[in-house]
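Chain nomenclature is as follows: A, B, C and D, assigned in order of appearance, with residue numbering initiated at 1 for each chain independently.
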Amino acid sequence: MITVISGTNRQDSKTRAIVGLYVDLLKAKGVAYQILDLVYLPEDFTIKALYDYTGKHEEFNKLSALIRNSDKFVFIVPEYNGSFPGVLKTFIDGLDYPYTFKDKKAALVGVSSGMQGGLLALSHLTDIFNYLGMHVLAQKVKLAFISKNFDGKLLTNQLYNELLEQQAESFIKF
Amino acid sequence: MITVISGTNRQDSKTRAIVGLYVDLLKAKGVAYQILDLVYLPEDFTIKALYDYTGKHEEFNKLSALIRNSDKFVFIVPEYNGSFPGVLKTFIDGLDYPYTFKDKKAALVGVSSGMQGGLLALSHLTDIFNYLGMHVLAQKVKLAFISKNFDGKLLTNQLYNELLEQQAESFIKF
Amino acid sequence: MITVISGTNRQDSKTRAIVGLYVDLLKAKGVAYQILDLVYLPEDFTIKALYDYTGKHEEFNKLSALIRNSDKFVFIVPEYNGSFPGVLKTFIDGLDYPYTFKDKKAALVGVSSGMQGGLLALSHLTDIFNYLGMHVLAQKVKLAFISKNFDGKLLTNQLYNELLEQQAESFIKF
Amino acid sequence: MITVISGTNRQDSKTRAIVGLYVDLLKAKGVAYQILDLVYLPEDFTIKALYDYTGKHEEFNKLSALIRNSDKFVFIVPEYNGSFPGVLKTFIDGLDYPYTFKDKKAALVGVSSGMQGGLLALSHLTDIFNYLGMHVLAQKVKLAFISKNFDGKLLTNQLYNELLEQQAESFIKF
């Protein structure tokens, strides 16, 4: 089973829409999946789910259980301030250390309004995941200028669809 | 005026203690300073101070005002999961874009229980700050194996004190 | 005096042409400059100018003297294999350590045929220069899709000209 | 077959000695291997094996053939100036693009005289290899303070031996 993660808690984000498209790809290939949407992060998690409270926040635990019960993750990551969203890292900071991601596998997709496509966000995340013992698929998809290339439902840039398709294909075998 | 930032919302952290030592250095040099302690981040800020709520959370605004009213920042940054704390980045994600940090200056200090001293955390932050138009002092101090080198009040490793002293000296002229 | 460095030893490169344009900007502002072109790296420098031979290769020393006699550098860096050219780093590996770049200042420009504009190349270089004690200007210019935006003599993308102009302006004051 | 790469052209390097130890590990596990030692890089390769000369330098081609005929690589990488050696990247710049490393696999070991253990060198290399389509094993071994931990023949720090052993074990299954 592959867990597809929407890497922001922003409401109605384009990131969440891309998660939907990715899940359609996996469905078409007959691969089991589940969605972990950071929009469900509880309001008080930066205090009540971290440090001494690790593992003690019931609502947070429902999300972290989706990490624990699966071995493969696709992270869809919007670019905020030149890197990944702080809430995504804070979510990771609330997970059990050090075994949560050890020997698991990740594929990364960046989403940006500008030209970078989340390139540095994905590089930083790769550092973090490797540190935690999780292997990262070499092919990273960078969806730059997303407003121009996404019509609210579909990616209108055919190259983007192909890159996601190729990544999903590679990740299933990874 | 230099703003010294304690880069975590963890209670009673070693990071906060290092902030105290840094401020002592600045005081001894007769430099004006203020402290921005992320422990005061409001519980609900990941939802009520970001995106459409940017600038609308009174308690959060008290912290962000400390960024707006100063041009030089020392970030004391603990290493969490091989990089900076998610809450630090989330705090940055809640600031006004794009002018908050533009043409300002930062010095970086990493704190870790392990051997890395926050090296990757500081590299990632440099990427982010440069993206936001803030210059970063070349000398970055990495306080590795902090438990062994900090007795709860003072840094017992004399090299660490010298590195902080030299950095503060350079940053005042930067 | 500002030293503008052409970061590749490839003959007749677009990078070298951008160096020419940058120098024109500096001239128009009345700033003294010199050019360091890696195309003049001697054929045998990876062996005869490194390690035990540091400082002993006359032809190499003519190039390294241009680093020693100046305090500000603009690096024009083509993207090779997702990062900076190996020869640029090898040139740096042949310089005296640790004082060559200490307390000096650099501005970075990336040049690529693809979409990245050398973003990771400039991030990696920033890590290296900060390690060596050299401050890096926050504003980094990324000239992506260079074939489409450069006609052999001039940058036809007006935004690119403005970004270089703004960077030069900032760097003079840095 | 696993190719173990000595990532510097420095004569009689500690890096080359670590390659020997790594090969002993592979032998003990009954895994086929070959060594690619950058000390054999021809003196003139930065000019006669790059750009228009790609593939045309016979001596260089003997080394690049060792890349082409294998799918798994262990890179032993000394830290020079806070990152990997320039000659290692220049060697990569001389290989055929874009298929040389595509869908292949790498494990990384850093070697340093200082405290970093090549951490940034391995992060930068991961960026480059991922860009080229090569998967990188999450577990990266960082051999810091090598002079203190290596007696000229063996690693005297038992933790270092265990880390190499665990990495080799993981890489064989990767």
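The rule we apply is simple: a residue touches a chain if its C-beta (ideal position, glycine included) is under 8 Å from a C-beta of that chain, and two chains touch if they have at least 3 such contacts.
Here the structure is a predicted model, which means the values were calculated and not measured.
**Student:** Quick check: more C-beta contact pairs at C-D or at B-C?
**Tutor:** Of the two interfaces, C-D and B-C, more C-beta pairs touch across C-D.
**Student:** What is the chain whose Cα centre is as far as it gets from that of chain B?
**Tutor:** D
**Student:** Determine the centre-to-centre distance between chain A and chain C, using the mean Cα coordinates as centres, and give it in whole Å.
**Tutor:** 36
**Student:** So the centre of each chain is just the mean of its C-alpha atoms; given that, what is the distance between chain C and chain D in Å?
**Tutor:** 27
**Student:** When the centre of a chain is set as the mean of its C-alpha atoms, what distance in Å lies between chain B and chain C?
**Tutor:** Chain B and chain C have C-alpha centres separated by 31 Å.
**Student:** When you check chain A against every other chain, which residues touch at least two of them?
**Tutor:** Only 120, 123, 127, 130, 132 qualify.
**Student:** Considering only the defined contacts, which chain B positions touch chain D in the complex?
**Tutor:** Interface residues on chain B, with respect to chain D: 115-117, 119-120, 123, 142, 144.
**Student:** Given the complex with chain D, which residues does chain A contribute to the contact?
**Tutor:** For chain A paired with chain D, touching residues are 103, 123, 126-127, 129-130, 132-140, 174.
**Student:** Can you list the chain A residues touching chain B in their complex?
**Tutor:** 9-11, 41, 43-48, 50-51, 80-93, 97, 120, 124, 127-128, 130-132
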